Amino acid sequence: MIEFCGIPLAHPIVNGSGTFDAIAARRAFGDELLEHFPFAAFVSKTVTVAPRGGNPPPRLWEAPAGLINSIGLPNKGLDGYLAQDLPQLAELPVPLVVNVMGFTREEVAALVDAFAGRPEVAALELNVSCPNVETGLIMGADRTETARLLERVRPLTAKPLIVKLTPNTTDVGAVAAAAQSAGADAVSLVNTLRGTALHPRGDGTPWLGGRTGGVSGPAIRAVALAQVAEVAARTSLPIVGMGGVQSGRHARDLLQAGATLVGVGTESFRDPLAGARIAGELASLASARTREIAANRA
Amino acid sequence: MNERRVLAPFARRRLEIVEARAVGAYRLLAAADPEGPTPQPGQFYMLAAAERWGAGEDERPWLPRAFSFLRARRRAEMVLEFLLEAVGPGTARLAELGPGDCIHVLGPLGVGFSPPDPWQRAVLCGGGIGVVPLAGWEGELEHPTTLLGFRDAEHAPAATLFADPRVATDDGSVGHHGLVTDLLTREIDQRTVVYACGPPPMLEAVRALCGEREVPAQLALETGMACGYGACFGCAVATREGYVRLCLEGPVMDARTLEAVR
Amino acid sequence: MIEFCGIPLAHPIVNGSGTFDAIAARRAFGDELLEHFPFAAFVSKTVTVAPRGGNPPPRLWEAPAGLINSIGLPNKGLDGYLAQDLPQLAELPVPLVVNVMGFTREEVAALVDAFAGRPEVAALELNVSCPNVETGLIMGADRTETARLLERVRPLTAKPLIVKLTPNTTDVGAVAAAAQSAGADAVSLVNTLRGTALHPRGDGTPWLGGRTGGVSGPAIRAVALAQVAEVAARTSLPIVGMGGVQSGRHARDLLQAGATLVGVGTESFRDPLAGARIAGELASLASARTREIAANRA
Amino acid sequence: MNERRVLAPFARRRLEIVEARAVGAYRLLAAADPEGPTPQPGQFYMLAAAERWGAGEDERPWLPRAFSFLRARRRAEMVLEFLLEAVGPGTARLAELGPGDCIHVLGPLGVGFSPPDPWQRAVLCGGGIGVVPLAGWEGELEHPTTLLGFRDAEHAPAATLFADPRVATDDGSVGHHGLVTDLLTREIDQRTVVYACGPPPMLEAVRALCGEREVPAQLALETGMACGYGACFGCAVATREGYVRLCLEGPVMDARTLEAVR
């Protein structure tokens, strides 16, 4: 058992928001999903105030050791989520983290407020990788924006607030520090790296319907590890580290770099049980290491 | 319509290839799947070679690839058959596997075809590699009409996987010289239900034709997929009611829900 | 023949600074190197005012579809370069671009000044991926820093000044625009993405002697393509696009995204003739496309 | 000393494997290299499988790997022999190649051993996979003394690749029970020149020993390499005069230039 922001968890592996849909997985796999739920907590896909259809296809491009996605945050909107998704997600055998995003501070406030009183929700994750339509700045790429957002929403809830940082920034440590000062309980990183691909037919048009997308998977693991280490050096907040994790060894590296939990994203697309496998590998590595240290002492 | 969605075991299975052979220009792979459920025709699986999935062009493949099953043979144990057209690094890698090699398999996934009403006559219409999901379906129907279109005589041998097909080829080298939809036009009436799979222009022709004549049609669509089980939202297909995830709501779609097939 | 900042070049493929050492290659391959020189111009490794030994080993980590390096800019220093390297590089059959870096604006000015009157040097590339020791800011991650640097050095030379941008920034387009306003003739991007790896023995120590390093290779190609497109949208400067180029198709994508030249870096480690191969592939793609367009018109 | 650096043709060559077999726990690969020059013992090549170089653990290998050549046999055409120890994804991939498979080869690279003066007696001292560069060198020397150390009887069969070796094993299963440097201590004097290759602790012992006794020694070192031809500056090795690129100034280094082998 470990603890994260006061939430007891069976192991340190969670999913990355938007990379596992427990409701859909239950339709595909049935109740076996609940018996072998791969994650210690479930982070749901980003919810916005208004429903969104998402970006036009194609939405995926397979990149070297990774994936570029331009999904465009399709979701039922706050009301749809509360009415349709939340009751189903409450049936999961693990704590629920709701990931929210707004295009203005007031939108984020409305979202936080809506979940503040919900006992089904263990924590909130703020996706700040989008522009503030009022200032044009990416909320999570600018420490002032991040701080002002936290100052606005912090008073609204006693639930843990996790800020999901964007890697597309000059100084992620500074943004994390700003989030901490303004009352965040934890940070998660990395979100996807901005990237794109052109149509293979060679006429220079973007492949993705959304034109640019976000890179995930092993290709970004080295960047994730460096950013987690930077944030750990600049804040004392618990960190959910993620980016390209495929094995217990990768999870261990992130934990050693300063993370408390590890998120598994794209690897779940290759193996829906990746989370459970990685948790198992991590446990074996940890006990092997304990034995090794004990042996060295003896 | 729960029979259309046979649930997948919640884990990739490592299956051994028991047969690998050419069928014209296509490649047939058969894998023993002793623990897997019997899928519904039209459902699909996510496949990856267990070894060396990657390091092809642009370091790909990396994600698993979606494949309809061709037939699910039940003898002592179940054998799943797939038919592949090598179009890129993923299909090329799978096509080089032989007996004894292993693949990772997740599935069956999505929803398959739903049966005709007792008074309906089934017309199967497949184009190219799109004939695959129809092969298993043909065997479960009574007296279906099977219409298959291929580019040329290199690809037409896939028709041998069917019991009683009529064939069209683009170049006239085998059967009707022209499109499989030419054949379809003459076959449909108020009592038919069409089951179709093939390249988008063919499916769009089927959709438009059946829409016009008010003939029900079930279309097995394709799109890029990363996960196959609703996790990535990458397989969006536009319907009249907005985008749906093809891996979850499809791949078999009621033609009436679509404005167009692209 | 193409032209870049007034320099005629045989084709659009150059090397990325620090990824090909023509002097070393001549020692390994002899004069065959000169007969089949793979690049249309040669960009030499970063020169600093003082000689540098570089970082302690290990300096390399093989990452998924890429490489993390922490070389630490070893070089003979300005005097050593002028005395020993420049005469040898002048023998190359292609124009020479000298890449320089300083830890203060005055250091950069000294370097630019030293090469300004050298006829062997066709252009200068400014590596701005390092911190300004006076302000603590990465020169190329901040538009004000970049602009002030250019304002300082622009008057010192009539030679083309190429600013090599860092990808580790929130808004690379803004930095490029600042470079243009302050007198840059071109920009090159991307340099490596900040990344790191831990020692495989699992005790949490960094693998690299320099602790963190830079990620290059196919893993960063999608990021490079997106950044080149962003810069192309924000400036009218010629662009040297690079990052993960392995084939003519990748080079074509960068050109279509707005680059004028394409740099090949890490791929040369796998294949020393990569530059020539890619130039050839690019030429075939271009003529295939010309034929296709002609056929469509007919 | 130009004979020590045979120049490499300026291009990777695609060579066919003509032989692949186990030598104890090691793997011997022989590739026909009809166009390549005859290398100097101690020089090395950068190798990669021509197909599926990647997709192993952590999507590796991706960069080529450095290997000393074992022997360069000249018959009708030149055949290069390599001996590998599978320690990770690159060596594992190479070890699974067989006759008919192809590898990309760049080389010969770096500088090899330089010959003893006429009055000097050559003592070859190899440990584990480090025996490789000594095999070709032994054949070019007159009456050398060859001392080889291995972990155990699984690895000792590599001694069969030498004409007249004396063997030590860590576990005493073959030859002297102990370190190869035990044997070396008794063999060196003012008239010997030592040629050594092996794991860093062994080389450090050789360096210290020869330094103390003022015996010249040429050590073939190893380090991670990305390019092999001086392009990446990744193969830095500390010498008394600062870092040098091992692929360019080595891999054979005069022991006196080193403060220590790490």
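Labels for the chains are A, B, C and D, by order of writing; each one numbers its residues from 1.
Just so it is clear, a residue touches a chain if its C-beta (ideal position, glycine included) is under 8 Å from a C-beta of that chain, and two chains touch if they have at least 3 such contacts.
Just so you know, these numbers come straight off a predicted model, no measurement behind them.
The fewest steps needed to get from chain A to chain C, moving only between touching chains, is 1.
Across C-D and A-D, the chain pair carrying more C-beta contacts is C-D. We define each chain's centre as the mean of its Cα atoms; on that basis chain C and chain D are separated by 34 Å.
If each chain is reduced to the centroid of its CA atoms, chain B and chain C end up 47 Å from each other. If you average the Cα atoms of chain B and of chain D, the two centres end up 54 Å apart.
Under the contact definition stated at the top, the residues of chain B that touch 2 or more other chains are 54, 58-59, 62.
In chain C, 63-66, 217-218 are the positions where the chain touches two or more neighbouring chains simultaneously. In terms of inter-chain touching, the protein chains here all touch one another pairwise.
Across the interface of their complex, chain D is touched by residues 65, 218, 246-247 of chain A. Taken in their complex, chain B has these residues touching chain A: 5, 7-12, 48, 54, 58-64, 104, 106, 109, 223-227, 229-238, 242-243, 245, 248. Per the touch definition, chain A reaches chain C in the complex via residues 61, 63-66, 68, 138, 141-142, 168-171, 193-198, 200, 202-204, 212-213, 215, 217-223, 225-227, 229, 244, 249, 252-253, 256-257, 285, 289.
Within the complex formed with chain C, the residues of chain B that make contact are 58-59. Against chain D, the residues of chain C that register as touching in their complex are 18-21, 23-25, 27-30, 32-33, 36, 45, 53-60, 62-67, 69, 71, 74, 217, 266, 268-273.
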